[in-house]
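Residue numbering begins at 1 within each chain, and the chains themselves are lettered A, B, C and D in the order written.
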Amino acid sequence: MAAGTQGSLNLTNEQPDRHIYHMDEDKHEIALSTKNLEVYYGDHLALQDADLSFERFKITSLIGASGSGKSTFLRSLNRMNDDVATVKGNIMYRGLDINSQDIDVYEMRKHIGMVFQRPNPFAKSISDNITFALKQHGEHDKAKLAEIVETSLKQAALWDEVKDDLKKSALSLSGGQQQRLVIARAIAMQPDILLLDEPASALDPISSAKIEDTLMELKKRFTIIIVTHNMQQASRVSDYTAFFHTGQVLEYDLTRKIFTRPKVQMTIDYVNGNFG
Amino acid sequence: MLNPKQSDKLASIILYTIAGLVILILAALVGYILVQGVPHLSWHFLTSSSSAFTAGGGIGVQLFNSFYLLIITMLISFPIALGAGVYLHEYANQKSRLIQLIRTAIEILSSLPSVVVGLFGFLLFVVQFKLGFSILSGAIALTFFNLPLLTRSVEESLRSIPDLQREAGAALGLSRWETVGHIILPAAVPSIVTGVVLSAGRVFGEAAALIYTAGQSAPALDFGDWNPFNTASPLNIMRPAETLAVHIWKVNSEGIMPDAAAVSAGASAVLIIAVLLFNFFARFLSNVLYKRLTATK
Amino acid sequence: MDSIRESLLKKSKATKKDRFARVITFSALLLIVVVVISIFLFVASKGLATFFTNKVNLWDFLSGKKWAPGQTNAQGQPLTGALPMITGSFLVTLIAALVATPFAIGTAVFMTEISPKHGAKILGPVTELLVGIPSVVYGFIGLSVIVPVMRHIFGGSGFGIIAGAMVLFIMILPTVTSMTVDTLKSVPRHYRESALALGATRWQMIYKVILRSATPGILTAVVFGMARAFGEALAVQMVIGNAPLMPKGLTSPSSTLTSILTQGIGNTVMGSLENNALWSLALILLLMSLVFNIIMRAIAKKGAM
Amino acid sequence: MKRNWLISAAIVIVAVCLLTFGYATRQKDNGVNITAVGSTALQPLVEAAGEDFASENKGVYVNVQGGGTGTGLAQIQSGAVDLGNSDMFAGEKDAINDKKLVDHKVSVVGISPMINKEAQVDHLTKQQLIAIFTKKVTNWRQVGGADLPIILINRVTGSGTRATFEKWGLDGAKSADSQEQESSGTVQSMVSSTPGAISYASFGYLNDSVVAPKIDGVTPTNEHVISGKWPIWSYEHIYTNGQPTGEVKQFLAYIDSKHIQKTLVPKLGYISVHDMKVSRDENGKLSTVD
């Protein structure tokens, strides 16, 4: 379809319809990339033609108005949409197309973790929330599990608040704490890539700031892709930003470029708060 | 015309009256049964075996049969209902026509008069498979009658657990089965137990499906013999077993013992108390189980 | 690196277990389906024998007013008119539902909007308790309490449609109420809050907002109760008078499909016309519960839109 | 995880061991089971006799179930059970082929009309009784009682009691359509609680709460049945498929024995066949017994 516009840098002064940053595999280590990704809900085409590459140990923000397809895109990356939608195209990870039927989905999700908009801890104790999946995956060494609980809670900046009552129900935590617990739970799996779907949108400003700090810390060890509504948040934490509009990626570039000199008119409007 | 404030007041009064009336009706119902029955209760009544035509018969065997049959029925029907409920809600494609058809079929089965289920069980199990009038035949018939309700309630319980929990499991690389088995089901325990308690109540009170399957005679049991292969053993599942509800039905319809009315009233009260105790026990168990499985205090 | 690639391409243990679980749970469902189908086939084969083996005219069966399968009319046709029972079943069910609905809604509103604490504490256990009472006990209470009251009010014998409907009303009330409570509870909180914020009185909020948005759920509860009432046998049989006659009024003895079916089935010989005719009644019951089910689904679908 | 496995394995092993042990040590004399199905009226008698019989003959169990006369005859005809209990001659049921069935009359039961007390009627002529049940008479006043409408309650079509009552009480007339009940107990409590009600049941259900009227001056008592003065009575039958053998034969002989006929039978409100001074065949022909 619009394949001609992508990949080549647009050097004319005319404003383009789309602008997709092309990541050179020699210069950047690419953790994940998509090719011609299309998502259908029934007959409805919710996302088309998404070709994006995500650099390792960087944070990439996905921004756009509600219904622009950014969450759909994110959820397709580790195939959380399999039950509700038809996803076509390729998702390349470690040289494999993980959107193929041959891939063991459960195995893949161990490496591509996800955190959701609303905190969803299990109705278990704080430490069980973190160790449960690890136990299921075959880790039974108690000392090691305890260590993982501590490090992942520390990484998620929750350790100091809960270290004395790890046996307490996770449901007794506040919303912000729950969300950080969920992040701790995700990173305890030692994934390669962490997908975050508006992780701070349901939280108060203080919790939200804490989560941002956590993210900055985490990007040293994980590749992070985050969907957000919050422009400031995107500009503060991310290295790259993709702007979604009506089911298409209109612009993808370094974050500072998107927020200072966007090339597409729609992006300018959105970033400046003219709609959305 | 009334102004909004007045109509608000009037409505409140009406609502209070209706709610009060309903509670009154239901309380009167339970009270009536208890008041009629409790005076006839005695240790002798609860433990001795029944008598066909003289006064002073008890309901000991029937009481034991009711519980035993309930347990056997649950042992057969609960795993099936659990499996089917899990498949219907966690695995099946909800939009599939076939699944919708199956759901409809199951619900229709649940509104079939139980006498039809009983006769079906009679012709198939008692006569065809030569299981005879036995606890086993009765339990299978009750299973048929119980499955739709139980499956439906398992499914409803699973539905009440938010999808967020399923997503959480999936995002950690847990398979659907691991998520269901370790996260969804434990969280659904209280509401599944409610469903079990409700269907257990129905099993307790069911008579028509059992008349032709578990039979309506209660041979005396030897409570010193717990070998399930002996005929007089309480645990034998191949013996005929009249339950409390069937006994009430029989006493009311054909009973010629002089104290038929008293036996019937006493047995009804016992039945209510038994259901009450069973509910209480099941709730207690579900609380313990829920706490153990979810580590919430 | 390579080990991860390999593990992605191989089916993991979890996947294998998951497939196994899928097969197991599916076979449980399959088992139920087999049971359902075999019962359907069983009832259908017996019930249709009346028409195919005994050559009873379907129309005569549905519209005939005289039920005496052992006897024949002037043309030598067996008297298998099921209309009295069909009418009786519908009347008791409808009246029971009509009476139960306002009570159920009123109680449910009281329990969710006015006094939620007491509501859950009282209704849940009572409902669970009442389903455990054998219907024969309901029947006897009907016989000793409701029938004399009816006799007092309306004269005559006291047996009849009204008495049957009253017993059914009490039997279905807890179920319909608790289902209605569930529906009301599922109305989102902000509906209430925004209505109250707009200055509505509590009654206006309940009437215009909550009941409106809960209507499909309430209807489902009522239809569900009707389905239950339609299939109930023993209790109704004792108070309705159980005479296979067209109901002359709401207080004259009449009968329902289930009552005639239940009491006749042991006294007829398997395979005879008398017996087959009873199975035809069972078939009607099955078809009726199919209809109730379709209605419930239609309501649910409409509510979802 | 590992420990849970061990525990469940241990439970299964213990359960299997217990079952094996139970199976190995079970009583080996689980011998003979006699199954009887049918008339609920006859059930208590056969049940009680069966218990006595089993205690005297170790290893024999008599399993008695109700289900109704129709069920009993159908099942004995198909050979699914050993004994079929019936309130009527098998030949009276159209759908039963009685060629292979062997009749064993175990007792006689008298049937009487019963009337609610408020009707204030304690004697009727047979003509009046027929008029009442055919709805030619609709108020108790017309037969000398209170001014109260008559409420008919019948047993269900196909019941033995109803067939007997119509044949001998109404001289073959069919009762008018009315409400029907399945069981004698229900009928009895309905008549006692419903003003103006009339129905019928076997003598065992008569008590102070209802009135059993004289018919043509004869009171419904066992003596009058035995002498043949009270016409409404029938045999209780146990049918076998072919001539009985072995334990079944012994059991039938046991029921027919003096021991049962003199004790259990009268206790249950039945009349021993041996006491009868009259007998009746399938077509209703009455003859005197010497």
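We adopt the following convention: contacts are C-beta pairs under 8 Å (C-beta built on N, C-alpha and C of every residue); 3 or more make two chains touch, one makes a residue touch a chain.
Note that the structure is a prediction, hence the values are computed from the model and not measured.
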Select the chain at the greatest separation from chain C, using centres from the mean of Cα atoms. A
Please state whether B-C or B-D has more C-beta contact pairs across its interface. B-C
Could you put a whole-Å number on the gap between the CA centroids of chain A and chain D? 79
Hey, how far is the Cα centre of chain B from the one of chain C, in Å? 17
Chain centre separation in whole Å, for chain D relative to chain C (CA means): 34
Taking each residue of chain C in turn, which ones touch at least two of the other chains? 12, 14-15, 18, 140, 262, 265, 270
Residues touching two or more other chains, restricted to chain D: which are they? 66-67, 71, 78, 182, 186, 189
Can you pull out the residues of chain A that are in contact with at least two other chains? 106-108, 111, 136-137
Tell me, which parts of chain B touch chain A in their complex? 162, 164-165, 167-175, 178, 182-183, 186-187, 294-297
Contacts from chain A onto chain B in the complex sit at residues 78, 80, 106-111, 113-116, 118, 120-125, 128, 132-133, 136-137, 167-169, 171, 182, 185-186, 189
Contact set on chain C toward chain B in their complex: 12, 14-15, 17-18, 20-22, 24-29, 31-33, 35-40, 42-43, 102-103, 106-107, 109-111, 114-115, 122, 124-137, 140-141, 145, 170, 173-174, 177, 201-204, 206-207, 227-228, 230-234, 258, 261-262, 265, 270, 282, 285-286, 289-290, 292-294, 297
Can you name the residues of chain D that touch chain C in the complex? 66-71, 73-74, 77-78, 93-96, 149, 151, 156-159, 177-182, 186, 189-190, 193-197
Contact footprint of chain D on chain B as seen in their complex: 52-54, 122, 127, 132-133, 211-212, 215-217, 219-220, 227-231, 240, 250-256, 260
